[in-house]
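See the structures that follow.
Heads up, the next two complexes both have chain A, just with different partners, chain B and then chain C.
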Partner chain A sequence: MSGEDRIRDGPRPDGGGSADSSGSVGGDADDVSAGPESVADVLREAIARAFGGHDLAIVLATLASIYGLFTLFVLVANDFELTTNTINAIASTLRLLTFFAASYAVLALALNLHWGYTGLFNIGVAGFMAVGVYTMGLLSTPPDATSGMGLGLPLPVGVLGGMIAAGLVGLIAALPALRLEADYLAIVTLGLSEIIRLTMNSSQLSSWTVSTFGFGTGGGSGLNLPARPTDALFDGGAGEALLTVLTGAGIRRSIVVDAAYTLVVVAFVVGVYWLLSRVGASPFGRVLKAIRDDELVAQSLGKDTRLFKIKVFIVGCALMGLGGILWQGSYGYVNPNSFRPIVTFYVFVAVIIGGSGSNTGSIVGAILFVGLLFEGPRQFGGIVQNAMDLGSAPATFAGAVGPLFGLDPIPFLAYALENISALQFVLLGVVLIVIMQRRPEGVLGHRTETAAAIDLGVRPEGNAPAARSGEEPTSRPDTTAAADHGGETGGDGDE
Partner chain B sequence: MSKDADAGEETDDVGVEPAVDADAATIADAAGTTNAASEENASTAPETQDSRVEREAAETPPDVPLQVRNLRKTFGGIVAVDDVSFAVEAGTITGLIGPNGAGKSTTFDCIAGALEPDSGSVRFNGADVTGFRPDQIATRGLVRTFQIARELPEMTVLENLMLAPTDQVGEQLWRSVMPGARGSVIDQERELRERVWETLEFFEIDHLARQKAGALSGGQRKLLEMARALMTDPDLLLLDEPLAGVNPTLEEKLLDRIHDLRDQGYTFLLVEHDMDVIMDHCEHVIVMHQGSLLAEGPPTEIRSNEQVIDAYLGGSSE
Partner chain C sequence: MGATKLLDRGRGSRSLPLLLAWLVGILLVLDIGARLAGVEIPLAAGRTFGGSMSVAQFGGLVWNGVIVGLIFGLAGIGLSMTYSILNFANFSHGDLITTGAFTGWGAALLVSGWGLAEAGTLLLVRAASGPSPNEIGASIIQAPLAIAIGVVVAAVATVLVTVAIDRVVYRPMRDRGGIALLIASIGVALGLRYVVQFVFGSRSRGVTATDGVRTTIAGVSVNLHELTLFVVALVLMGGMHLLLQRTKLGTAMRAMADNKDLALVTGIPTERVVTATWILGGALAGVAGYLYVLERGTIEFNIGWFLLLFIFAAVILGGIGSIYGAIAGGLVIGLVHEVSLVWISGDFNAAAAFLIMVIVLLYRPEGLFSGVTTA
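The block that comes next holds the complex of A and B.
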């Protein structure tokens, strides 16, 4: 499967090659196996050396390779004819990819704060997204909307309100649930997320009246949402001028308008990343990591872990609400079906691919997930279907498998491609199993992202220079290595 | 929470005043050395009624930071700890010994807050800390290590130590995130980093600083745990079998460190079941057997105690 291979071979730069902190002892599990794996390893080493562990470079390289892959898909589909149509197709494909990747990145970052940093197994992501989107809708949708009703408040109020509401629901869930062990927290959050979805779906709440205000979730028929704020940019002034120039060049209007909103989502990814990096690289983040590793130890060192867990749960849930607003809130309409538990599962896959515990990994994971597992198979299937004239696909599974015995694979192939969106789940499962077996730490999870506001590796002056000897603990360290080993981002294995 | 605790202390102070005097006397007797000090304090207690802190200070002799009274803990029908009372004097290394299953670790867990005792009380630095959460007890200066070293495996040795100090301003979320407030966090981090490196050098594990704690050997983990506990700047360290699974060279080193620290003014209560270590290194020994206190006294006395010899040679599974 192409997706699977891409993930293994894709950019996987090691902060410090395989010689991360424990590298001298065990090394990477992949190193043990020979054959094709070692090729991947060599590739990975090379990539690692090229980027030297710079996070932005890793993200951009991942994005560039996914962009490249999809550009190729579109070019193949258009027989490499570089017409305006093809360029439009490429632009709209890449725009869509970026939008999904950015949306998943916000959610993955939020989940990484819960699960990767603190070890809180929250599988109710979709529920917190729904709270965010619906609250935003109820606050900011004009009262005269065709489906569902709102207060018509300004959008920033709605967005902030959505995040606060998601955070509050998180708090309500956290108070009883954080006393529970990890598995029970998972059940509680999953249950909560379904309760939220079914509540939104309920016809009882679809509309009611608060004094003179009409108010409601729209039930199963959904809720109208305010238009994207970026759309208004093109209704006059410089925006309209730019649009005229671009449409004059043959680019479709919708692509430009959508791209503007996508840039907003990307900006939010940068903001959330910045926020969470600061949270991670701080004494607060250190306590979170300690809770994940061993809560009793954190308590025994005087940390009131309950408070830390509640705070982190609120912040993460608010960011999930934000992620929901940025993604599902941008279509002008939402209904409860967008918040099925599968969404939570997707976000988990993104975090797992990227490597839980790494903020950069969450973004890389989101890009890889969207590119290779979420959008990739559909594109790939479409191209193969177009390229090879397979005829009409059989209607039943029996009809597809039957001809295989007659050594005729065409009907089976056609059937598989016809049902590629269903096969995506199979692919997803296979990829998850492979990652869990071969590389449970994901793309970047092995790195040491030091939880401190400063570089801890710098020894105070007046002491013996830092040494990195692998000698016995009884011997005093010698003075071979310089003190400034190991940068802040690159972890401690830079040599 | 603190209000409740205060209220509890208040009533406790009033209710058990005579008993406390008696207790202090027996403890002083047992300890043998602090008679004069504790009696003086006990007699001055009624005169200094004005503040709670003063009364507490008076009630507990200042050089007996930890007092355990009538501690009892049962698990179902099994009485793990049965009516155990003892005290730990400031600036000593006190050993708690006993054969397997004597209730040492349970006693420890009750003191450190990991378990809540069924009855009895634990007083630390004059305050009743019975049933407090582990973090509340730790912030008061009573810090423990674990029988099986519990390093934080996915964190580096440096991070492990940086975690420990209490009252870090950066543990407030907003300070860590807000651009203006982060300066104070960074300043404190620098100070802590200096202490961390000093502590690592003291325990001679500075060459492991950047390793993940999970990659350390068993003995190194024990050193790490002690270093980490020390970073909280405790008054009293509870060490649960600090020498279990440690090779003889490292054992010597660990004991040296404990002695050094004792000389610097730290107090230790250590659980151990190696009699020789206890006899050679502790000033005061408490012996537990089948959940209750068997004997208490200086090592020489314990060594010749018939009951202790019986418990160890006769009743032990070792």
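The block that comes next holds the complex of A and C.
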């Protein structure tokens, strides 16, 4: 992959080891000037300044604003009457948001490892998810399930097996595919994910494997999956007691039970984030960033880039399998339609919004995607529809547009709200285009993560970069990968 | 460039799989021969080599393969041209096909069903309930003029959409890398597909009339819609050939695909060539979508998206940048898609086509017909 193939062709600090240490989050004017100066920029800087660049604070602030927005939505929909019903509605909405955001965060983190760190353009995420979920099901679903058939092994075996299987498929794909250029890799992975989906969808294959091996995917009619392990917590002991208290307070049982599982997914997000941050900060991660920035340089330095890419591909695919299990594996049932390529694009949008190459960005991107693009428009549409009482929507576009010429926008509005799911996808597409055109580095762009083992920002006086503003760099992880390979190749001032 | 070097590294391991592919191919051809001759040689576990299959049955599969292959090839020409001239894989190409299908059929139904239903319903390709396709009578027999008008409208409307998208989305990004453009094109694909769904509705519905479309010519039963597709596709492909070989524009396009910098130095107005590329590619994609619906009889908002991977397969098989490659690749993928049904179930014939694409990408990324770049 050459330099032009990189997506992060936005403004970057130049690589000569000038280690733009105070830039990015702290935001000195020079750093941003090359990008379009817009409201988003100003806002981002303000936010960044307010939190001093603490990752957790950024994530929590994003989460809080999305929560606030949706609470407002529900309150508006219920005319601000604080009944138990309203509280239940708020709780269930926020629970759902958290669940989706956490699921997307796991997937986005995994994709970020591929793409953000290593520059591997994998658009087969849905396929690897499918491998994870289906392997989990084939191992752990009881043999007497209504649809499909599994071996009935314990769930941890299934989850681990699913991750291993996804990783193995990743390995098989990676061995030959990684020598391809980025756009070919994209097509190969997309093709692979469709092949996987079609394989899961085959009822012939399923009945053959059932009769031969004793397990099968159930084909198009889907596969029953084991129940969530957290559900059993409420069947007795402290769990049941807690449940009684909460339901006594008027909270619906399903909300509590779902919330318990959601917490598990959130815990996994934290775990995966921790893992990937460690990987990113390690010497291993440094090579990955070097591969992304310029593979030839990494090779010239004696790194076997192919081996690195294969390892990363396996780990990322296994995590995608895990993400699939946590999300699609938690409904007790799965069918191949859940793994259409659109799911891959959702995850991509999350990564791109957040800014590829940043783990925190992936989580923020997942929250923003779920809140503003995935759930937001639907909720908003529902509220407007209820509030405005537009009457029944016209059945066709013609019926909606016709009255426009008579200056009557109501039917068109009603039609638009009725079909808001289509408009939501249009919005998704437009957002993708606008981001690629104006901010290819995402919301948390310019925030490059530490590549060097030591903080290049605090260097001996004489070598300090001129562009440094007065701010103290403190513990900000800002040294760029570019700066790092400048250092590695013996660029200025590192001896 | 790092990638070329990386590609070289794998060359040694490439000959064995290729040999294996040839072997499998020859075996399959022999098997078809045996089946046609009615020879059956038992192998292990109840499986046999050969079997029985009538010539008509086989001929039917091949004809279906050719028809689908022509669609893949026709749409693939545009994809191949944009890939080589603009240097990115355009994921929105499938939705240009959808755009052509809907606009073309809107016009065709409006002409053939004039007065039978509200103009809006017809123009929106039967978005609401109304007269049935057979009552509207949009077929090559009952309303050849309407079908012809549809072809033109499909081409023109798709060109307008394509050029507008280029101005708004791709033009500001001309100097950017292939991946940035690819991601933007995914955005375009989503936007376009769901604008089509917003306007035309998400219902899958029939559009063509079927009365008298299947007739017998010289003792062979033919579907006249498939025949129309065949003729129109061949004419358009021939036209593309003449355009690329005989006109100044064609020479300029080939030069740009070969070496962009050299083309610039020679004084080729690259921006005009890019626009011409979009116009030609968009028109062919639109007509391909229109003809595809003519052949299958039903329309829905994601037909083009479902075709996209097959078209990529065709283009890659033929070698990116070569329009003859795209056509040949389309035919091969079409034939694989249909003829593979001899051995495998309908669950897997699409997977077989994708598998071929993946294998070609891995072991022969320059395509089967390499050496002939953009001609």
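One rule holds in what follows: the second predicted complex is superposed on the first by the 401 of 495 C-alpha atoms of A that agree within 3 Å, B and C clash if a C-alpha of one lies under 4 Å from a C-alpha of the other, contacts with A are read in each partner's own complex, and residues count from 1 in each chain.
Simple rule for what comes next: a contact is a pair of C-beta atoms (placed from the backbone, for glycine too) under 8 Å apart; a residue touches a chain by one contact, two chains touch by 3 or more.
In this text the structure is predicted, and so the values were computed from the model without any measurement.
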Which of chain B and chain C A:Ala182 touches, first, second, both or neither: second
First (chain B), second (chain C), both or neither touched by A:Leu275: first
Which of chain B and chain C A:Pro283 touches, first, second, both or neither: first
Contacts of A:Gln299 with chain B and chain C, given as first, second, both or neither: both
Chain B versus chain C as contact partner of A:Leu198, first or second or both or neither: second
Chain B versus chain C as contact partner of A:Leu428, first or second or both or neither: second
Doubly contacted chain A residues - partners chain C and chain B: 294, 296, 299
Contact footprint of chain A on chain C as seen in their complex: 1-3, 5-7, 9-10, 88-89, 118, 120-121, 123-124, 127-128, 169, 172-173, 176-180, 182-184, 186-195, 197-202, 309, 312-313, 316, 345, 347-348, 350-351, 354-355, 357-358, 361-363, 365
In the complex with chain C, residue positions of chain A that touch it: 1-2, 4-7, 9, 121, 176-177, 179-184, 186-188, 190-192, 194-195, 198-199, 201-205, 219, 294-296, 299, 306, 345, 348, 352, 395-399, 402, 416, 419, 422-426, 428-433, 436-437, 440
Chain B residues within the chain A interface of the complex: 112-114, 133-136, 138-139, 143-144, 146, 150-156, 158-159, 162-164, 166, 168-173, 176-177, 182, 185-186, 189-190, 193-194, 196-198, 201, 204-212, 214-215, 217, 219-220, 223, 228-229, 232, 249-250, 253
Of chain A, residues touching chain B in the complex: 20-22, 25, 275, 278-279, 282-287, 289-290, 292-294, 296-305, 308, 311, 315, 357, 448, 450-454, 456-460, 463-464, 466-469, 471, 473-474, 476-477, 485-486, 492-493
